[in-house]
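We just call them A, B, C and D in the order they show up, numbering each chain from 1.
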Amino acid sequence: VQIVGATGYGGIGLIEQLLRHPAITVTSLLAKSDTGKLLSDFFPHVRGICDMVVEEVEPQRVGEDADLVVFATPDRVAMQYAPTLLERGIKVIDYAGDFRFSDLDAYNRYAARQPSVGGRPHLCPDLLKQSVYGVPELFREEIRGADLVGNPGCFAITMELALAPALQAHLVERQSLIVDGKTGTSGAGKKLSVATHFSEQAENITPYRVAAHQHGVEAAEVLMRYAGSRVGVTFVPHQTPTVRGILCTCYAQLSKTISGKDLYDVYFEGVRS
Amino acid sequence: VQIVGATGYGGIGLIEQLLRHPAITVTSLLAKSDTGKLLSDFFPHVRGICDMVVEEVEPQRVGEDADLVVFATPDRVAMQYAPTLLERGIKVIDYAGDFRFSDLDAYNRYAARQPSVGGRPHLCPDLLKQSVYGVPELFREEIRGADLVGNPGCFAITMELALAPALQAHLVERQSLIVDGKTGTSGAGKKLSVATHFSEQAENITPYRVAAHQHGVEAAEVLMRYAGSRVGVTFVPHQTPTVRGILCTCYAQLSKTISGKDLYDVYFEGVRS
Amino acid sequence: VQIVGATGYGGIGLIEQLLRHPAITVTSLLAKSDTGKLLSDFFPHVRGICDMVVEEVEPQRVGEDADLVVFATPDRVAMQYAPTLLERGIKVIDYAGDFRFSDLDAYNRYAARQPSVGGRPHLCPDLLKQSVYGVPELFREEIRGADLVGNPGCFAITMELALAPALQAHLVERQSLIVDGKTGTSGAGKKLSVATHFSEQAENITPYRVAAHQHGVEAAEVLMRYAGSRVGVTFVPHQTPTVRGILCTCYAQLSKTISGKDLYDVYFEGVRS
Amino acid sequence: VQIVGATGYGGIGLIEQLLRHPAITVTSLLAKSDTGKLLSDFFPHVRGICDMVVEEVEPQRVGEDADLVVFATPDRVAMQYAPTLLERGIKVIDYAGDFRFSDLDAYNRYAARQPSVGGRPHLCPDLLKQSVYGVPELFREEIRGADLVGNPGCFAITMELALAPALQAHLVERQSLIVDGKTGTSGAGKKLSVATHFSEQAENITPYRVAAHQHGVEAAEVLMRYAGSRVGVTFVPHQTPTVRGILCTCYAQLSKTISGKDLYDVYFEGVRS
């Protein structure tokens, strides 16, 4: 496996997991910052475990020594490399939003909301059809056979796992979904901002992008498959004084009464199949 | 003014405010713990400002040297003293739930949900008729003339101020109210608990009493006056790693479309009148 | 391995480590609280990984199904069981202070400072001679052959690893040691206290047991072996608004000048041998 | 009073204090960022209390409508304006290090350590003689008559108040001073940095500029006046996960034995005179 974007919080989190996996070898680490240093120089907890040098992202280096390239990069990076890599028979996983959607309309709705995309057009819309959404609890079989996987947004996967079972069982009105999200600061990455400045964030809880966050759009696209038709999600994310983790409190209008036991069954079956 | 319950977080917060008020004199401090000590012995930030001795709560001492007694005590304390105090012409403010409701049915719905009351009967239900709810933004005139004030629950006042204007203007469906509450740990007071143990609460956000918190019942009683008839509030409080402050994110189904400017007017008029 | 005291923070931390070890089997979990429940009922992060039932600590149960018993218990628990267990050929590791010292005088100096011991006499002083201090960086060989290991106090191991190399190389005046310690709240365990109440600890750093903490005594006993004669340690611990981790900033008067490179060598050789 | 640097944490903290003072009028607010906005637009807690417009720092505007100009700005700003202001009879207080020292040698020792000064020469060294150090507990009389005050560094004042009484009473060896400092993140101001990024600072305590922080130099200069000759201060600051406040734990070798009562007297007399 080659990791592009190895020096961010997503990259190091991924590397921690991969290093423990008996069948996976991390072959190279690429990034735009901290290149030329050992990964363990700035993430000392992997000293002695992963002392590889971080290399500059050079186009010809991407995919060179790996069967799989994982992009832990911002939106619109993986789409620059995916067509060539797939042609060369190299599998691709993207942690950003480039391949989370199976059609261009859905991507465009997401792109209109994602500030870092700013509505710019997709570079390889043909690949969307073959891309698979990387939530193993929901799409395990498709992921197994996939060459191109778009991993979910952090808030999006949370609300999808919470709401998909209820929508599939027609327990709730599909237009009534409300999600109140609470996130830690690591979700915003290493990039410095006033919102994640310690003096500002400690002792504060701050709603942002109220009913306008791109992960609400993303979840609505995925949940539609379980509801049978378009769903309405009102999503309000909040930045909280925690580092890791997300909590989504989800509300919906019940469309029929159900016992606690049956509800439990819906959720345990729903999540597992 | 005499303060009963002077050593808790509510008591000291109140004392801080009263000490700055030019027309108010704090005459005595009563409590159940830390009696015999100076208040400034255990709250050093008032040293030199309030070095009064904290006295034991003796029944005959309550009301002795004051025109007004404020109870910063748990539920079911103020109701033991209020009838006698009012007969003696002494005004009463309660920070707990004993006098927040104007009729016994409303109190009983609250009492059924409040764990510390456990559904026990009110000791002086006749006084409920004359008690006034202590939210100055909503009931300023009534409070001015009142002898007996029941101050609101911390979550309750937050959702009342947020939702009363919209309900009064018939902007939202009165059965569709959803409140997602986030509170600091000081709301739970000085009492030690696993939920407010630092090792457990840091880096965690925890929902509790889901759709079963007594402040949801309290707010529903108050909001009914603005909606014209009974309202439905689904209230989910969350404990967060902050000390002070409450944030309630409120959701409701719009019953008509309204421009941003008109909405702004509804809120600024609603809160002020 | 049998764990006594499986439900505390020390116990679960230990279990997390042991579960990953290929050559160790956790055979039973004993405790005084939460008995009769699955460990994963109250530590949900080990669900599916360690769903063993926590059993009551019955004397005859201790050591029943294990080659090694680990006591993650307060002071004065392991000493009640160690003589019998060792006679039966079962090895013992204690996380408290019962077997950290090789002679009774040293133990008594520690016991005089440890509030939970209160100076009460050791129950099996004969065993102190054979006990080994559980810091592998310093006593790896002795630990390998030991039947009875006393694991170090959290602050003690930190200052020992920091100061032993310098003392062994006679770099610093052995009477001039100053340690300024900063600890997270998990060190105080699950026991509720005002000092670890979230509302009190957040935004605060609090020195406690100034120059009187039992881990200062413990470290002084161990460091004496490296200095050749008695050392003087002034230790001031501070409680900080973090959960995990300890930082000790150590100061000492240099007894000779040394280059940065030589200092580095002293530390890397010292720690490794 | 005119405030230069009104939009930083130092500026707003100062404004909060001045607004409560009955004999002081804040006449204008100057700054380099957020100019043209109301102060209350970005510090909403002063809405209705201080709704003044923040103006650009234009040279001719500085001192225009005030008897006193306070510079809550970085090093090397106040020294650009002080000569002209003093000539015009306008008093000056600086929150940075430009006027903390009474002779150029002392300033130069500080300037060599302060990263933002980088050893550049002072612009008006003649004024150092007339400047007064702004610690009222130590220099109240001098401050009363002063036209030019250099307010102390945050860590410096802490260690000065802690150590001046002991040095004046010759209780401690003046070469043996050790200060272990713990600071909140507001001391680093509004400027974004990795060290104050929430994801990095939460759950962490980090020593920095070990024995090389400019406030150690500053305190040594001031403490010399109390010790009678040069003092030695080893100062290690730590960044902690708190916002406000500083704690300095100070250590020194006693030069004579003293009873607790006498020590108490030294400290209460020392601080008060």
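Just so we're on the same page, contacts are C-beta pairs under 8 Å (C-beta built on N, C-alpha and C of every residue); 3 or more make two chains touch, one makes a residue touch a chain.
The structure displayed is predicted, hence computed values, not measured ones.
In this structure chain A contacts its sequence twin chain D using mostly the same residue numbers, the overlap exceeding half.
For chain C, the chain whose average C-alpha position is most distant is B. Separation between the centroids of chain A and chain C, computed from CA atoms only, is 41 Å. Centroid to centroid, with C-alpha atoms defining each point, chain B and chain C lie 46 Å apart. Contact with two or more other chains is made by residues 184, 202-203, 241-243 of chain B.
On chain B, the positions that touch chain C within their shared complex are 9, 184-186, 188, 190, 192-194, 196-199, 201-203, 241-243.
Residues 178, 180, 182, 184, 203-205, 207, 234, 236, 238, 240-245, 247, 249, 251 of chain A are the ones touching chain B in the complex.
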